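Going in written order, the chains are labelled A, B, C, D, E and F, and every chain counts its residues from 1.
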Amino acid sequence: MRTAVFRKANFNSAHRLHNPQLDDKTNEALFGLCNNPNYHGHNYDLIVKLIGEINPQTGYVFDMKILNDIIKEEIIERFDHKNLNMDTVEFKNLNPTAENIARIIYELLRSKIEVKYELEITLYETPRNYVVYPVK
Amino acid sequence: MRTAVFRKANFNSAHRLHNPQLDDKTNEALFGLCNNPNYHGHNYDLIVKLIGEINPQTGYVFDMKILNDIIKEEIIERFDHKNLNMDTVEFKNLNPTAENIARIIYELLRSKIEVKYELEITLYETPRNYVVYPVK
Amino acid sequence: MRTAVFRKANFNSAHRLHNPQLDDKTNEALFGLCNNPNYHGHNYDLIVKLIGEINPQTGYVFDMKILNDIIKEEIIERFDHKNLNMDTVEFKNLNPTAENIARIIYELLRSKIEVKYELEITLYETPRNYVVYPVK
Amino acid sequence: MRTAVFRKANFNSAHRLHNPQLDDKTNEALFGLCNNPNYHGHNYDLIVKLIGEINPQTGYVFDMKILNDIIKEEIIERFDHKNLNMDTVEFKNLNPTAENIARIIYELLRSKIEVKYELEITLYETPRNYVVYPVK
Amino acid sequence: MRTAVFRKANFNSAHRLHNPQLDDKTNEALFGLCNNPNYHGHNYDLIVKLIGEINPQTGYVFDMKILNDIIKEEIIERFDHKNLNMDTVEFKNLNPTAENIARIIYELLRSKIEVKYELEITLYETPRNYVVYPVK
Amino acid sequence: MRTAVFRKANFNSAHRLHNPQLDDKTNEALFGLCNNPNYHGHNYDLIVKLIGEINPQTGYVFDMKILNDIIKEEIIERFDHKNLNMDTVEFKNLNPTAENIARIIYELLRSKIEVKYELEITLYETPRNYVVYPVK
């Protein structure tokens, strides 16, 4: 039977919810306070879940130190203490909702982790709002 | 691929575990301290999970402000600072266990949320006891 | 120098905020939803703090197992799964606000713990509302 | 004896640590990633503590609904979903460190709460970094 | 539809990650600080999940008091305040990684809980590292 | 007025409560399960509090990056993934109770932090048991 392993990390970023293909009035109606042109920010909590088999030699599904290093290099250095809309290529033209951030994190990590491991991202924007991607 | 979004809320209620179709001795044996005729109470923590597709225009699966309003109108106003057994029609004849409360919350929200969204309820009765409904 | 030791515990109770010396209208104005005549309830989190000297033989300020037993006997058995207004002598004629519950817990424990230990009670009514008694 | 009551709230803001009286190199040396010119952000958790006497009529030190309203009007509406450096008068010329934000919150609330209540602010910038102001 | 119920518990143990079939150098390379021959330790948080049908007579999927007793007898008494490598038969020849501990807990509980209930174990080694077993 | 700043950290260690000047029977009576000769362990959560004045140039009481480095060098590297009784000079002849660990951490940090800052240590042995040292 398979086993899931989870690693938590966190990053602090500024963002603004805004779809540049819509006019300002529609953006404000859709996103309210989150549309503030001067940005606001969050402490994002990230949980990376890998599903695989326990390696009988190590007793590990995946070495958490290696997973932690991948998360740091691919996600934390890219997004921590950044303005997601201004400082990152990923959200130059993509609205940085929690859903889209989780999807981008999935894609960034998916290319660094062998396909034999199933991968799932949980992202807390606040302690009361969070998302999981992908869901089968 | 689909995405899940989660919204947390909470309400504080009194309740008593009691099945009126059973005699008092059986109720006490089944429910112990939770059968206290004068009630006890809990801070219930509720997590509502919706699964759907990310709307490309908004970057949202579902607008969390709208979901929060639905939870307030349908659940919090109905159960917060209430005696579940005495003050609500839902538990007049239904034992207010965490399992049954989660099921009732599911049914109340199910009728307010389009069927294209899959819906799942997590309810914490205490930080050490909680339930999820439904499970496929 | 002195050291403080803390022990957490919890109990689940029903209560109603109501001052029987005031009329119903005044009670409702003062206490709002908390004045519901059929009660509501909470998961109360209790933190008991003792300040004293470290005993050089044991390395303890106070044996936590003994403190835990005192808390169970004096507080948890008295208030857990009870209706504070109806089931306890302490709140028959005293409004069970968090402030008054903390004060009563202090008095109940003060008589069981040697006076050489300074004693302080923290009581969470919800994760967002809590009190400390006494404050110098 | 006096009693302390606590109310938690939270707000999400963008900010940048920067002292305009220093040159850019010194600012970067002092504040590192926090000096990012495009801002980053946080979920700030705020705890407001009031110390006073229990009112024998209500059993309250202070009505938490009123305290919550004051916090919302004075703090949350001012800082939530804002860029502290750009959108607020308080931090136009004051570096928005956790220490300075806590001090400003104290001053904003101090003018709204009777002087007979002692007031103390706890502000979490992240779950691992927080401050208390003032300390006697 | 089925319902899941969850019960949390915890135990504090010493352990060392070490595969006796490998040489010391390989063990140190694989397990780093966790290979310390004098052991280190953790506060393990355990969540036991049962999936079943709600019993219409009780409103329960499973009586949490009975589940708690099973967890205490089978898991807490066996592992709490123990050295997993030295004091337990389960980890005499099995590396006590979080993955393997979760699997052993599953097997110990599986034999005590009727097969009509689906069973899943979540084990937190630290707040940032945890595992789930089994995963379908 | 003065301000307090707090930084959290954590370390995972094995320990055994034992006073070598007492016989085995007395040690077992005093320390129960914690006297297990093969050790058990904990995830220790540490909070370091510094009290001082806000520096008007930086807006800081103390640079949290520098405090974090001091905690890592002096405390985490010394105690993390160690057996406190066997691997450290501090607890070779001192019973590693939470009280004594907090006092040792205070002394180790006191010598690294200017005396103009007041220093206080909070140490969680479990989420339900913790200590503060020193208390005035």
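Note that in this section a residue touches a chain if its C-beta (ideal position, glycine included) is under 8 Å from a C-beta of that chain, and two chains touch if they have at least 3 such contacts.
Source: prediction; values computed, not measured.
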Common touching chains of chain C and chain B: none
Most widely separated chain from chain A, with each centre as the mean of CA atoms: C
Rounded Å distance between chain C and chain F, as computed from the means of their C-alpha atoms: 29
Geometric centre distance via CA averages, chain F-chain A, whole Å: 34
Touching two or more other chains - residue numbers and ranges from chain A: 127
Chains grouped in pairs wherever the two touch, ordered by label: A-B, A-D, A-E, B-C, B-E, C-D, C-F, D-F, E-F
Complex interface listing, chain F residues touching chain E: 10, 12-15, 33-34, 36, 38-43, 80-83, 86-87, 126-127
Complex contacts: residues of chain B adjacent to chain E: 17, 19, 21-22, 30-32, 94-100, 102-103, 127-136
List of chain B residues in touch with chain A within their complex: 1-9, 51, 54, 57-61, 63-65
